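Here subunit A shows up in two complexes: once beside subunit B, once beside subunit C.
For the complex of A and B:
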């Protein structure tokens, strides 16, 4: 199999299977989470706080006072990584073509150099965050295999994409295939690892905000 | 091809006969040296070697092909030095170009093979059908038999065009004739692959110049292509490349952006994964190349490019995935989710039913 055949497989059957497992996995997990249900809260709400859940979805995305001083690595690293990843996935012109082909909608992209810089920033942030995870005793104690797996499968698409764009390590066609395979690995694992927070983060923020609102500590 | 005039003994004599000056010849050798990525000093070495070289015997076999490769090679804008060089090889057999046919033509091939045993260059265009020998024959001889027989005494083989190098269009899915490339059959001879649909004439001349100068084949990549011509992608040497980097793309063929030279990536250009020299040597005497005339690269010098997804889909688009496919998968996921929810709830209900209440008295009794 030559590199172009490999790329055709990566863009073809491999991608089809990865996308289907991803879609099925995400819907399955959402059904599973919502299907668990909660026991009815029979207590009288301590305070009337309409919209507390919705507000929390937003306020929890901003750092509380003092966090920047207390946890600068987690705070800055987390933001740089997430924004960099977002720019790479949704604002790199070739990626937008993928969405346009799949869903019929497209939007303007960023210049490649800017996306490239954001990839470097995201990769560097991931490196720093891993180092912090390994050296910080609390984080280290809290981390398990799932955390390192999530870190690795998130890094791979960024790294292979960067290497492909700059023609490093392997020739472009092969590197592009590896990039696609790494994305496919991420798609397949996402619903079944901690990476599912992509979908569940705002659901749990809403729930936390709502339940605390009922307990009188509304955001 | 047989000349009626007195044939020159060496290439140098032939050039003199045709009134090519030494200056013109050196210019050609310098250009070739640059094209082959050789040190500049090699130009004079090449000039000397080519001038002294005996007219190289060439046997050209055409199998399952469209004659596009021959059209390309012969249509370099004459009278360029390249065509003269071509005239000055001894093209002993080429059934499209030769006047002879039938027995006489086959006799010419046999004679060339006999006279130049172990020295002649075999050029092949077209793929070879393995499904049934009757799919393609010449003078009643199957392509396979003719290739194997002619390859035996060849010094080297040049596979010209994507059909001969990688199977090309005949090999495209579902490959009804069982087409294969030259390298799938011949394993014991050096093979130079010059792919393209068709390949660039100057690449062919370059390979020949290299063979005449050094008596060996140029440095090849993993796919058997001369590195000097196939070392870089079309995309990397494309004059529209800066627009790709700036995120400026043509949205449709011949829109304002396309005419301003913006990148054709979104229109399906396969330049980023295609290794060829089109963007630098160009076509029709250096006039233009497909991307310059407004059409994306279709990747014709890559193996199995016909089956590498739709020609007009951007490289980053899926080959066959659809949103309907995602919808179906989501429905399956929903069904599985309902099943898991039902299972979870029944486990919970069973636990509730099995739960036994313990009274304070019972606990006190246990303590005693």
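For the complex of A and C:
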């Protein structure tokens, strides 16, 4: 198989399979969560917090008072990584082109240099966060194989994308194939690792906000 | 009913619902919950990380309610939850968690860890791994009527004492009264000021209230130990009395978990909404104050600070009321750092104060409260929970701090304008 065939496979069958497994996995995981149900709360809620669950979905992205100071690495590293990743996935012109081809909708992108810088920042943040995970006693205790696997499969698309964009390491066609394979690996594993928080974070935050909101507390 | 591992595991399976599944699915092992927990911040020991305390429950969720977990279990690849493990986890679940809810406010993915610990304790109790002092307290609550073993004659003695002191009749078993007043054992034994203050305030405000002979105790160790069947039995006494006396509202006393037990868990334990309201005493006092029925005169000149009981503020939504009331009677009220919904626990909530094994850890955890109090420069600490009060009094004594602790209701009564004509 020459590099072009490999790229064709990466863009074709491999991508289709990965997307199918991703979609099936996400649906399964959502079903696993919602299928458990929730007993209705019979306590009369306070009336002053309607929509608390929806608010908490967004407000929980900000650190509560004092926490940023106590855990700057986790917060700043977390922000830099997530924002960098977001910029790369959704605001890199070739990616938008890819989405346009696939879903028929596109949107304006960011200048390539800016996306490039955000990729470097996100990769650096992942490095710092890994070092923190290995050295911080709490994080090290909580971490297992799944955490390091999730870290690795998140890093690979960023790294291979960066290398492909700069024509480094391997010939471009091969590098681009590797980039696609790494994305496909991420897609397949996402529903079954902690990376599923991409979706479930909105559910858990909603429940948190709802539980607190019923008691009249904005969480 | 004997406790077995099987019952415990079944109980774990029963309590896991969609919120818990979403919480475990979302956890990214960031460890931020540790920074919110006073047992971690004051000891630096990683084992006190809140999400770690839930590890056995998490594995049951994974092995029973996820496809991969079920596959792993079928292939014998997963680590089953054992009796030995639950025994090891018992101090983490009962000694080092006060159900204060601070971690639930901090978790970036929105996990309500306290909700999960409360539920996990159901399985701990069912598997025979509940803390033994809590078991004894719950047994007393069910058989005698109060976790501290107090019976009606003790309450009656206090009523007589209060009547002699104030000259005001304390109504008992008065059908059709607006409010049913409850107390905590701690108030009956240690803080008789509460009933006395309440009698005077209600007399001045013209409030129609009553005590009930068979439902004077508001506390409910069933929700602390994690035994919903016992918690239901304890709460049902109050519900039955409130319905018999046809009151409009039941007043939860200056006690944190009693409010949670009655206000938020009560209807769910009973399986039906209540036909009466449940309010914390601070809510009632604030309403009376707003209606102009609670008049005070003069102000306390001392520097005062207020400790928000977790179950009243963060888990109860009563935050502004104590501030409004305090500013009415205090000229130098100072807030602690992190006051309000992000306040730090006294270290003795969630049954920890009843747990003798936890005492050294509790006193170590109190250092956080100590720092908060010192930051205000105040030497008078006001609160609205008799349990917080006794825990803080012990902590203050342990650290040789010259700080007095008083209940807010009692402070208000000191500045009450009393109409002597009636």
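What to note about this one:
The rule we apply is simple: the second predicted complex is superposed on the first by the 210 of 219 C-alpha atoms of A that agree within 3 Å, B and C clash if a C-alpha of one lies under 4 Å from a C-alpha of the other, contacts with A are read in each partner's own complex, and residues count from 1 in each chain.
Keep this in mind: contacts are C-beta pairs under 8 Å (C-beta built on N, C-alpha and C of every residue); 3 or more make two chains touch, one makes a residue touch a chain.
The shown structure was predicted, so the numbers you read here are calculated from the model rather than taken from an experiment.
In the superposition on chain A, A:74 makes contact with subunit C only, not with subunit B.
Of the two partner chains placed by the overlay, only subunit B lies in contact with A:110; subunit C stays clear of it. By the document's definition of touching, of the two partners only subunit B reaches A:15; subunit C does not. By the touch criterion defined above, A:86 reaches neither subunit B nor subunit C.
Legend: residue contacts after superposition of the two complexes on their common chain; A:5 is shown touching subunit B, with no touch to subunit C.
When the two structures are aligned on the shared chain, A:101 is found in touch with subunit B, with no touch to subunit C.
Legend: residue contacts after superposition of the two complexes on their common chain; A:134 is shown touching neither subunit B nor subunit C.
In the superposed model, C is the one of subunit B and subunit C that contacts more residues of subunit A.
When the two structures are aligned on the shared chain, A:209 is found in touch with subunit C, with no touch to subunit B. Of the two partner chains placed around the shared chain by superposition, subunit B and subunit C are both touched by A:32. When the two complexes are superposed on chain A, the residues of subunit A that touch both subunit B and subunit C are 28-29, 32, 35-37. Within the complex formed with subunit A, the subunit B residues making contact are 223, 233, 236, 244-247, 249, 265-266, 272-273, 299, 302-305, 307-309, 313-323, 325-334, 336-338, 340-341, 344-345. The touching residues of subunit A, when paired with subunit C in their complex, are 28-29, 32-39, 41-44, 46, 56-57, 60-61, 63-67, 70-71, 74, 78, 133, 136-143, 147, 192, 194, 196-197, 200-201, 203-209, 211-212, 214-219. Residues of subunit A touching subunit B in their complex: 2-5, 7-8, 11-12, 15-16, 19-32, 35-37, 93-95, 97-98, 100-104, 108-113, 167, 172-173, 176.
Considering their complex, residues 16-23, 25-32, 34-36, 40, 46-47, 49, 51-52, 65-68, 104-112, 115, 263-268, 270-274, 277, 313-317, 319, 338, 341-342 of subunit C touch subunit A.
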